[in-house]
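Here come two complexes built around chain A, the first alongside chain B, the second alongside chain C.
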Partner chain A sequence: MASDRRDDSLLELFVFETVQYIQLLEKIILEAGSDDRFSDSAINEIFRIMHTIKGSSAMMSYEHISTLAHKTEDLFFFIRENPLAEYDITVVSDFVLSFIDFINSEINSIRQDKDADTERAEVLGRAIEKYLTEIRAEGENDKQSDTAKVSDNLYKATLYFEEDCGMENIRAYAVLLELAEFATVTSYDPADIEESDDSADEIRENGFTVYFESDRAFDELKSHFSDIPLVRDVILSQGDAEDTSDSGVRTEPKPLEITLPPEEKLEVEASDKSGAAKTEVKSGGKAEAQTRGKASKQSARKTDPYQPMQSLISVHVSKLDKLMNLVGELVIAESMVVEKPGQNGSEHNSFHREAVQMHKIISEMQELVMSMRLMTLVATFQKINRIVRDMTKKLGKEVKLNFAGEETEVDKNVIEHISDPILHLVRNCIDHGIESRDERIAAGKPEIGTVTVEAYSAGSYVYITVSDDGRGLNKEKILEKAKRNNLINDSTESMTDREIYNLIFLPGFSTSETVTEFSGRGVGMDVVMQNIGEIGGNVSVDSTPGRGTSVTMKIPLTVVIIDGMNIAVGDRRFTVPVSAIKEFFKPDMKNVIKNTDGYEMIMVRGDCYAIVRLHEIWDIETGVTNLSDGILVVVEQDEKRRCLFVDSLIGQQQVVVKSMPELIKRSRLAEGIVGCTLLGDGSISLILDMNWLVNSDIR
Partner chain B sequence: MAELAGNMLEPEEDTLADKYLIFNVEGESYGIEIGYVTEIINITQITKVPGLPDYLKGIINLRGSIIPVMDVRLRFKLPEREYTDRTCIIIAQIDGMDVGLIVDSVSEVATIPGGNIVPPPEINKTSNKYISGIGMVEDKIYLLLDYQSMLIIAED
Partner chain C sequence: MYTVLVVDDAAFMRLAIKNVLEKHNFKVIADAKNGKEAVEKYIEHKPDIVTMDITMPDMSGIEALKKIMEIDPKAKVVMISAMGQERMVKEAVLSGAKNFIVKPYKEEHIVKTLLKVASEK
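== the complex of A and B ==
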């Protein structure tokens, strides 16, 4: 009982933090993927993350997570403390990625109150321990062979001076003189520091490298170099003298980088001591100090790219949602106030001016709240990286992944709906789209397949395209499959390529003959369609046989506020998204025709549209039943058009979309309604579902 | 004052236990556990939603929240009656879902100890569908609502 009563907010924080760390971890690992070693900053960051997860999970008494994090931490501790150790980055990366997967599934279990998978933790933990023992043993062997082969009093040092310190060649010469007191300099580069002033530039760019022999210990030399004034960085390595580099030595000792602490602090102290006099007399000197300070700050930031930005705070989404709602209410309240100005005519002028002022503030506020909910697609795209890595490894296909427009911003609600569809499409591309290597060579294509994920915004929509240069869709196969599953009737001659391709979005369609681990498990493109449809977007596919397939998702920027046209039918109020309205007009009865079943249609400039009488389909009492007494609204969705017959138009306004109550949504009975919104007088208007209105069988 | 003293004597957590909000429909007294009730409001403007069964009257705007309302009379297949100024909407939150129950009137809050509640007798398969138990306090009889089955919405 006691464990059930665990503090919920604490648990929520733990989950939130851990998820954030895991995402960061994944990013680091994937970035390091193409290198053959982890960078120092990456190792430090991974170590830090493991340490944090270990601590926080122990605090929440998730012992298995804590133990596993501890073992992974051990591994990175070893790598950090033994920079010369040999390790296989892909093996280590795989360990960390399995760790990430494990944490993700554990977080899910925690959320759903399921039991912990301690067995998986133990298996993974043992594997990591075993590998650590292996590389530790190898490292010891190497150390022995290294000392045997390489004479340990040969050194190579590369020095970098502070930026803007000037006369680098002279300073380098001074270093040589000092070094000569306790060491034998064999050579140095650039060699012409005494004769040529150009060497200063060279040192500025490449550093000053000196090879020498000395009896002093490595650490002693290290501190000697670090103590030379105006030296920014020193890379000192042992036994790597140019002439003696023996090709038989397999394991070349890696250079040990010593990064000096930024000298910014010293600088500040110095100027403090010298006081105001110096600032007045030598203002130039101060400026120099400042730029130097900046430079060292910048370099400090560069060395640690994963440092989180301090100017960001995290806010619970529910608070943002609430704020969004309140601002929506405010917009409505505003229109209520402005529409009913006071009876007192004398105040009228100033009222108008103040109302305009208030309107400005409120619309700015609304925009700001909207922008607060916007997120870039970076995190979503990052997930793709991971999937591609896993799949290409398992399927033995080589795939290059291109991204464009990941900085595109969309509403948080939208992101939640599009992540899975994007991942699904990418999986499809790699699994079904991209051919095997041999097939590609035979077709005269580059061996490595390309998958491109592209996002851009235009108008109030975001377009996301996932395309590949694979084999393309097979029209015959699609038709055959569709017929077999009774998705279409026999008359297929009249279908355009596009219509055929779009069959893959129908429920119960999956073209792949073989079910693989990654796709073809029955959840097909119809799920993509459904997910995107839920947020008012749509999906289309285009393909060229042998050249590839591209799927484009068109998604509204936000699902929270739309431009709506309010209409009246009887005493009911409805809202139609303005983006769906093509035109509206009073019909001329000459153009209205009835077909044999009594369905009404209207000719508009050579096109014929079916008429949907809203009062009939929903049984609404109204005095307007003659087409000529009301208004026809032509709406379009997915390139399909229909004509809605309504009593009258009320007006256009920005509306805050509220979803239908859970009880009604769950019943799935309110067909044709996607949501509702509040009008200026506090009454409710129902938002029409364009998708349903243009697609369903309506009588 | 007496009420205040009574509240102070009772431990905090137990104040909602065994308490039921009693409302009337067609002369019978029904009880709903008070813990589910968030507020009681007067009948207000209801927006009809197409496609719903007749007992789901539509949705209301309660200070910016959209709440579905159910006419309990129609849910119990009783004849429809025009709403009066005694008609109330009980706003309840059940399983995280808000719902408004339209009832003839609301009378009191009663304490019905668990020992005074008996299961409803079985008459036929569909009888007592929305009743979870029958409570008796002194000489009054209350029908206790089975809100779970009330909220299963399906086409009739």
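== the complex of A and C ==
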């Protein structure tokens, strides 16, 4: 078995493939949806997937997975072989979906090195077996026994196969088939090797005995048998004709025991005991005629309609990450070279043209690398189907699911961060948003609720909206709850509807009175906010009482390379994402005012923005402290604006976002910084966190 | 050194079999992930021996076996089967498969079987 030598790459491949099979499986089941039977191709495909999972999990010594897959496979084998059998597709689908859930959780356990949940496998396995027994029609067992023929030159051979070699009855069958080429088989024991697979156990214990008549010499026959692969032991005896009507006790007139050469036998035994696998096998004298059976009787099974995509290869994400990083470095190196042409004497005429050429190639390369990391949202949306199916069934609500823009492409990193939030939002919609059937009829709405999941990209952002036509958010309830949990103070009159709705994103907020299985465990919208925030996006909610709620996530297309404006404060360099900058200007001191708390504000075309002095926040020594000496940069995030006061602008550049070293990340100094980057001149620039700058209480 | 063509739709199994064989001085000269590819690769490489999975998309192992036997009646094909596929293994044996291995297999079983089958005339 593989357990003692399973290496990481094998395990990784196992996990990767199994996850793919599981996804395919889920797709097939959900596509079968409302049909009352599985299509032939679906059955074949499910059967094949179960079969493969069974094989590979057994190789990895995950016996419980293998056994369960085997039982599920049995079920589908029965369904396939008995096209007329009655079965309930929802019951069978549920089995498969439970199987999928089970595999998913086992794969998680494997990844985290946790123990296997064999109990769950057994429970599910028993349920499947029970169902199979129920639908299995009564089969008839006819056994035939061959009539005997009496002749001279009669031999008796008893073969023992290697331990655990499997399918001993079929091996015996293959032996008979070969033997038929040069001998007449009179009888064999057990006789039911073709009909019953239980005969394999019998052979394992007592060996397979065959009586036959042949013109060949004893030695020749002996070597023929010993050369059959995986035959551990042969006892061959030559005798007179015998009555073969039954497999009773026989007399053996001239017993002659022949076994394999002793040293080989010893070796086999040794390796059996120790489990070590180093076994040399001699391939000495061989049987003369290795003949094979006649052409096959049955035509082959139908071919599978499933065509794997041949033009795709899988690449490890870490390689793509590395490539992305390298291209990032290349972009920086490029600007280093281009920015100081004088230094290396390349100031001649062609330099500019060559630099443009290089820039073109590098930009193209960068685009290509980014596109390689893009994935569509199809797989993510697929998961929603499953959740909706489970929930509507349990909660007794009817919900129609609409998708739009599932072909929208997003960076892989981003997908990982948005899957859970989207699922959570959909769960919320169905659980809290959509009313019960009666409630909907009373409100004059269509009986069936609608949940819409929509994705589209605009500029360098992807927008994903999850909306429902349910009861909408309850403002009073939100305010009351927020107060109860001390999330806000008492002055709520000035709050806009939008601000009130956004309270649900605060940690520890959950308005549902009853906690259900699917949502409302108090770990809710704040987690959504946090996940989306981590990748530089934000979430907003809009709701109309009685008409529904819609939550929109705005996510940057990629998080690795951004367009940045580099600015200087003292001898420090900072980078502001260009997407956040609204304008910059030299302030006119006439427009600068101070409010009663001493905050500096500036009036710009009738709007008043707070001024944030970067040199004060990070205690940077600089000669520029007068507003009129520096530059103000107006930034916007979440519809809030502030003015950053900086010494000067350096210039715009594409920068590669690198995360801060762990040590610095943990210190308070890292507040307000999302990452760092290298500038063209080789110096380090800190990338400012717009969210923090517009929201935190800084003066 | 015997040359081997490994046929299995699961990359995992291909790697697992390859690992075992190469440890024991076989040379895996090619692999294939379905029956169709198996036939093509067989013609291209003429391996001494083929290990053939049974259940595969796009032409099963049995069909591939039959095609290969048609092209080369001397071909040495060893089926790789999982438990519970007795009927198909039987069909394979009838169609000319030299022998078969049952998953999960012992390393020594696959090595012994292939050595014996390969050394046959």
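Here is the rule we use: the second predicted complex is superposed on the first by the 513 of 699 C-alpha atoms of A that agree within 3 Å, B and C clash if a C-alpha of one lies under 4 Å from a C-alpha of the other, contacts with A are read in each partner's own complex, and residues count from 1 in each chain.
By definition in this document, a residue touches a chain if its C-beta (ideal position, glycine included) is under 8 Å from a C-beta of that chain, and two chains touch if they have at least 3 such contacts.
The structure displayed is predicted, hence computed values, not measured ones.
Enquirer: Given the touch rule stated above, what does A:Met372 touch, chain B (first), chain C (second), both, or neither?
Expert: A:Met372 contacts neither chain B nor chain C.
Enquirer: Have a look at where A:Leu663 lands relative to chain B and chain C in the superposition and call it first, second, both or neither.
Expert: first
Enquirer: Would you check which partner chain A:Arg572 touches, where first means chain B only, second means chain C only, and both and neither mean what they say?
Expert: A:Arg572: touches chain B, not chain C.
Enquirer: Should A:Asn325 be classified as contacting the first partner (chain B), the second (chain C), both, or neither?
Expert: Once the two structures are laid over each other on A, A:Asn325 reaches chain B alone.
Enquirer: Just chain B (first), just chain C (second), both, or neither: which does A:Cys676 touch?
Expert: So A:Cys676 only meets chain B here.
Enquirer: Using the superposition on chain A described above, determine whether A:Trp618 touches chain B (first), chain C (second), both, or neither.
Expert: It touches chain B, and chain C stays clear.
Enquirer: First (chain B), second (chain C), both or neither: which does A:Val356 touch?
Expert: The answer is neither, since A:Val356 touches no partner chain.
Enquirer: Touch check for A:Ile684: first (chain B), second (chain C), both, or neither?
Expert: first
Enquirer: Who touches more of chain A, chain B or chain C?
Expert: Between chain B and chain C, C touches the greater number of residues in chain A.
Enquirer: Tell me the contact category for A:Ala443 with respect to chain B and chain C: first, second, both or neither.
Expert: neither
Enquirer: Report, in rising order, the residues of chain A that make contact with chain B in one complex and with chain C in the other.
Expert: No residue sits in both footprints.
Enquirer: Per the contact definition, I'd like the list of chain C residues that touch chain A in the complex.
Expert: Answer in residue numbers: 9-13, 15-16, 19, 33-34, 55-60, 62-63, 66, 81-84, 86, 89-91, 93-96, 98-109, 111-113, 115-117, 119-121.
Enquirer: Which stretch or stretches of chain B touch chain A in the complex?
Expert: The touching residues are 45, 47-53, 56, 59-61, 64, 66-68, 96-99, 151, 153-155.
Enquirer: If we count contacts the way the header does, which residues on chain A are in touch with chain C in the complex?
Expert: These residues of chain A touch chain C: 1-2, 9-10, 13-14, 17, 47-48, 51-52, 54-56, 58-59, 61, 66, 70, 73-74, 77, 162, 164-167, 169-171, 173-174, 177, 194, 197, 227-230, 268, 271, 277, 279, 281, 283, 286-287, 290, 292-298, 300-301, 303-304, 306-308.
Enquirer: In their shared complex, at which residues does chain A touch chain B?
Expert: 325, 328-329, 572-573, 617-620, 658, 660-664, 666-667, 669-673, 676, 678, 682-686
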